[in-house]
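Some structures to go through are shown next.
The two complexes that follow have chain A in common; it is paired with chain B in the first and with chain C in the second.
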Partner chain A sequence: MTTGLTDAMETGGIDRRTLLKTVGGSALAVALAGCTELLEGEDDPLADADVPDEPVESGLQTFTEGAPSVLGVQARYGAETAVRRINENDGIAGRQMNLDVVEESDAYLTNYQQFVDDGKDVTFGPISSSGHAEMVPEIEAQEVINVSTDGTVTTLYEEDFPDVTYSFRFQNHDVMEALAAVEQAVEVLGADSIDTYAGINPNYAFGQDEMELFSAGIEQLTGAEEVYSGFPDLGTGDMSTHITEVNSEAPDVVFSSCWGGDATLLLEQGHANDMFDAIDVLVGPVLYGSANDLSEDLVRGPIYSGSRNFYWGEPSTDRWSPAADLVDEVQSEYGVVPTAHFMSGYGAVTAWATAAEKAVRLLGRWPEQEELAMVLENHGFFTPAGYHTIGADHQGYSNAHFGELTWSDEHDAAALANVNVFAAKNVSPPPGEISADWIGSW
Partner chain B sequence: MLEHVLNGLYYGSVLFMIASGMTIIFGVLGILNLAHGELYALGAFCAFSIVGFFAGQVAAPTGPVTAIVFALVVLAGSLAAAAVLLPVGGALEATFVRPIYDRDEVYQLLLTYGLLLVLTDVMKFVWGPSPVDVGVFSGINEIPTTELVGFSYPSYNVLVILIGVAVFGWLVWFFDRTKTGRIVRATAINREMSTAIGVSTDRMFTLVFAIGAFFAGFGGAMVSIGPGSASLGMGLRWLVLSFVVIVIGGLGSLRGAFVGALLVGVSSRIVTPYFPQLELAVPFLLMVLVLLVRPEGLYGTWGEIQ
Partner chain C sequence: MSRFLVDRDGETRVRLSEGMELTKTQSVLAVVGLVVLFAVPDITRLTGLSFQAIHRGILFGLAAVGLNLLLRHTELVSFGHAAFFGVGAYGAAVLASHFEVSSGLLLLLGGVLAATTIAVLIGYFVSGYLDIYFALLTLAFNQVLYAFVLQSGYFNYSDGLSVRPDGLNPPTLFGLQWTSTGYDLILYYFTVVVLVGSLLVMWKLVNSPFGRALDAIGQDRTRARFVGIPVEKYVWIAFVISGIYGGLAGGLFALLQLHVSPDPTLYAFVSGEILFMAILGGFGTLVGPVVGGVVLVYLLIQAPFYVEYYNAVTGLVLIGVVLFLPEGILGSVPKIGTGLARRRRDPGLLRDDIAAIGSSIRRGVTRAVTTVRIIVFGVN
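Up next is the complex of A and B:
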């Protein structure tokens, strides 16, 4: 079901002119798409623009330590890689970029305010959904653009803050991953074979939101009945009680949006309690976020995981060189395989940087914050993960990935097999429509 | 239901191992040690390094016998990891805690909170900021439990329950039956009298703090070799739950800590499936209930280990 990239790219048939045109003809855009070898000999069309000499100052807040760092450190690697590529390719309209990284912790609001006080041109992060929700009013008040890396709760821009100017989010929202999980379960088992389902999700806004959306989607598609829904505390030390309940109900499908240490705990205790013998399939939209912490014995069983808007093996790395190059670069630089959270950091920086350069082209000078915010709306750009857009609602839209959890001897890490790629329009509502209403209309 | 009870006993056993150290230190020294959660975390990180090394010396389990050998090696490694906490605890007591025994409680809380922060940074410096996992959990679960408890149940949970009972038994034996244990209890009851008859209270207090740190570290090792991983900040949740346990059981009571930990473990595991929203609240509701009926806790013994 690969739908996201152009046919020419998937077949390796793209030429230099086509690619340059596709990514906007910008050297920076091409570099961030991962195709720098195509840039030799290109003229710089931005040479006459009125752009300051001093570097762009930016700040990223993410989880750099503790259990959430499983995601946060990847986001940091992603942002640093994007900044490195920007600077190696003559910057944004000639401006180099500096990136400061701070620990997100519970200090998201203070971090943002400190970044603004320090004169940052743009800020990135946080990962936390509640943190982002708390920051939005402050972002709008301070009028310094923030591109959130994660924090994917659907209601943020649909209901809580439907009319914002300076606040953006790169990562797909929950409805896309929950519905991709529904589609994946239906594809594996068949709609007629799914009579019951259960959920084990972290007990905060993200986990509750994901379970609600998954329930709506799978009940709409299959008529299945929910037999158990448990919400262990985020960062819990024990999920055995929820696994025991799942085992006793033996549902056809288990849905889990557990991430980080919770995801590995679920798999560890799930295997120890024979959960994968009791159920037909486990679908988890962010299990693969823990790819670098998973061991070979943990990925056995009917376990399917999403990889949000990026999976390094899709499209196949022998057909889509930017993804292959990125895997090599990240493994060489950081010793890990890049996950979707890597792309959260990479994509947030890329969204802003490519929009900034586009604004310079339009204006002939460096844009003001408000002008740049306008350009970011409906902005489309490439990364090694493919094509992404930022919608008019300030929400990022990309292909959603889902595949069977397996093991890669080549990369000595967890991998995904038989990856399905769901186009954004197939797993998210049309602009202006509320997700729950849209699912109800299926 | 039986499986939920077993889950609760497993959870309570881990909790007891951590809370017992805090109980010992509070019961004898009168110090409410806020750094206790970080001593637990330090045990988890030490287990990552030491158990990882030990486990690497034996083949991965392929059957019940090799699995038992593997589990014994891992257990020995866990004890070795916890043993690291003995000199650490002793040094912390002798250097930082000893000078403030006669100060107000607020100084003790500030000091132990400062130690919490220092220990966190030390662990970050040594093991880095990201979580680490020993990766032996699935190996231990190669031991079949079908015949042991009548149905398939994680071997690791059964081992932890047995170890929890053994730890309780050892502590009761130590404080009730050994000369050193009796001297420690006597010192806790009357320091002046103990000093007058020639007991070195400094040495006793250092020993008690070291034992408390050991059991915090052993609890951390149990979590680290289990399904969880060692990570910065992991101690906070267990620190709070340990407070709850020792308040339920009665400050300074080992029996209280044991019963309190099992009560918290079993009640939370039984209630959670039916009222998931109460998972966090159950231990605190239990604590409130006990305090309303017995304000001193189930086995309250101020200023004495019992």
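Up next is the complex of A and C:
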């Protein structure tokens, strides 16, 4: 972050005037940034706006059951937390917000269509990358804004749908976390020490996209050679053949975008087959998504994980109280440690809500879908994770986090140590540029 | 009697064509059904019902009509009908994604041809089998196709294929590029025309000598063979026709959803749902499977929005149908109609109904109390 806010933080904290100025003076934006205590005594500048009395109706589709619920339930908690905070702080320009949650399953299109039929003002989700790709044309046809929580395949807005109006994505795209993994591996081992690498990634669009980007990045940065690349099925029950292949090649770096139960299985079978003795380092951009399912013995070894655009301990909670407050609130409310997927839900709702309030401020009335979509482009806002922007390409940009997987006795859960924060501009191309071309220009 | 009205057994019937005659009640129901079908877009707009869900339900119902040819007439239970539905959908998707075919009708034709080819092949292998072996073989072929598509880069694995030839817009229909709303409406009315045509063809078919032969095969294969019916050949043909219906429905589904992926089209559960649609609507009737399709699909789409344990919905409905409506929704209409008529004539029967319900509840409560007493205090 290079804003005045960062400067203020560096000198020991945020002052009220700086924060209010940074977020545009919106009480809601401040509340969603997690800084409600700064709002005491603020006048409501939107009191005269022509805004309907009815609550905003919104819908979220996410995985609430089965293996992917490791991620989906966190997104649900995040979205619900954001909505709760919105309503506790007088709503969006005075409008309360309702959120309906539905299981994503494989019914992305019908879920979205049903939300539209129900008259939702905005929809959020899905988690699935293929589901997101399936939804984009329908969102453009229905003209009701959707802010995707995840569905992070890089090519979605770069190549497949470069010119969209109503479809947005809050979470970092794959290129950010794949390149953060490259940077992390280089920082741990040094570019000169990385000669070989391998990959074990889930066999679908997300896993293939991640591996392709990681390969391009690490080859460009270190000249390393790929010695093995395996794609186990999503939700597989056995990865031992891939681990055996990795062990026999003994690469310097193993990259894995496995998540949920696959991530747990990789670590279990990796330990059982001594994979962490055969390799120098495992970098996994979403291993930490399973933080609440990992046991203490699984996090041992040279394992580094990304945490997308949010890690609750970064910036350190004694310097940035909103993150600490959020962890306390989430542990108290849901009994879990919030992960990056929590922020997927929280951030998607926050992106839309702060943009809606900004639009009301500009127009003096509640915006139409198209007007709100225009405001969402290049929209910047804070969450407890820090500062985020939605680019002109409708893609969310934030800092990317990566650290060593470790164990927190305090939270009785997996944690990250020595977290590196990679600025968005260092791990993703500017909007309008193709990631592969950009990496090639390094 | 005019050309369109004939007298049969003292009852006037409406004659549509040679051998196709409707009673007065059937004629009224058919007209009402047609009016309702064509009015669905307006009905959904006025009532808030989901237009997409009904359209989707009709398509699965069309597949169930095809399945019902086997179920009702040859008495063969197919657990693999999603194979044809899925291949029909993928046939259209492959043409749109890999060959950029933009005409919706050509995509549909491609889907139907692909499904027909698969039905010919699978039918060749399964037509000689009966009962559980037939059911398991159809299920096995379905799973082979599902696994093949899931593992194939050509079909884009679990992510599936788009049915948008230019990547963003739907295919053309009748040579024109429609707006989103226009496309949905035109496709719906086209679906209705296809559905009505398919039902008429199926009616003709099951009332033809070929249909009678299928009935004979269903009742007793050995006897049918002895009277000279080429059993395997006829079952094979019925299987292929059944598959064509599935492919037609799948192709239209691809045009509706504009994206095809394996789980909603090819997975074995989908086969089970298509089979259940036929039973739910009334597999002893021609139109029942369509009603079952609309009801079940609507329930499956809406349930997650209203109940937490939505996965139980299919099971609960199945239990309810087997226990209370064994002949399905449409199949039970005559029985319900007769029962209501009897009670109109003799209201005293209502008292018996109430007494029967009361004694049934009393018996249930007594059993429950006894069970609890035994659990808590033992048998003594």
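Everything that follows uses one rule, which is that the second predicted complex is superposed on the first by the 434 of 442 C-alpha atoms of A that agree within 3 Å, B and C clash if a C-alpha of one lies under 4 Å from a C-alpha of the other, contacts with A are read in each partner's own complex, and residues count from 1 in each chain.
Following the convention adopted for this analysis, contacts are C-beta pairs under 8 Å (C-beta built on N, C-alpha and C of every residue); 3 or more make two chains touch, one makes a residue touch a chain.
Everything quoted here is computed from the prediction, not taken from an experiment.
In the superposed pair of complexes, A:N203 makes contact with chain B and with chain C alike. In the superposition on chain A, A:A133 makes contact with chain C only, not with chain B.
Of the two partner chains, chain C is the only one that A:D160 touches; chain B does not reach it.
Measured by the number of chain A residues touched, the leading partner among chain B and chain C is B.
Contacts of A:L109 after superposition: chain C is touched, whereas chain B is not reached.
After overlaying the two complexes on the shared chain, residue contacts for A:E245 are found with chain B alone; chain C is out of touch. Chain A residues 203 lie at the interface with chain B in one structure and with chain C in the other.
For chain B in complex with chain A, the touching residues are 3-4, 7-8, 10-11, 14, 124, 129-131, 133, 135, 137-138, 141, 152-154, 156-157, 223, 227-229, 231-234, 237-238, 268-269, 272-273, 276-277, 279-280. In the complex of the two chains, the chain A residues touching chain C come out as 100, 102-103, 105-107, 109-111, 113-114, 117-118, 129-130, 133-134, 137-138, 140-142, 160-161, 203-205, 234.
Partner chain B is touched in their complex by these residues of chain A: 64-67, 69-70, 73, 203, 228-233, 235, 237-238, 240-242, 244-245, 261, 264-265, 268-269, 271-274, 293, 295, 297-298. Contacts from chain C toward chain A in the complex involve residues 48, 50-53, 56, 156-160, 162, 164, 167-169, 180, 257-259, 261, 263-264, 301-302, 304-305, 310.
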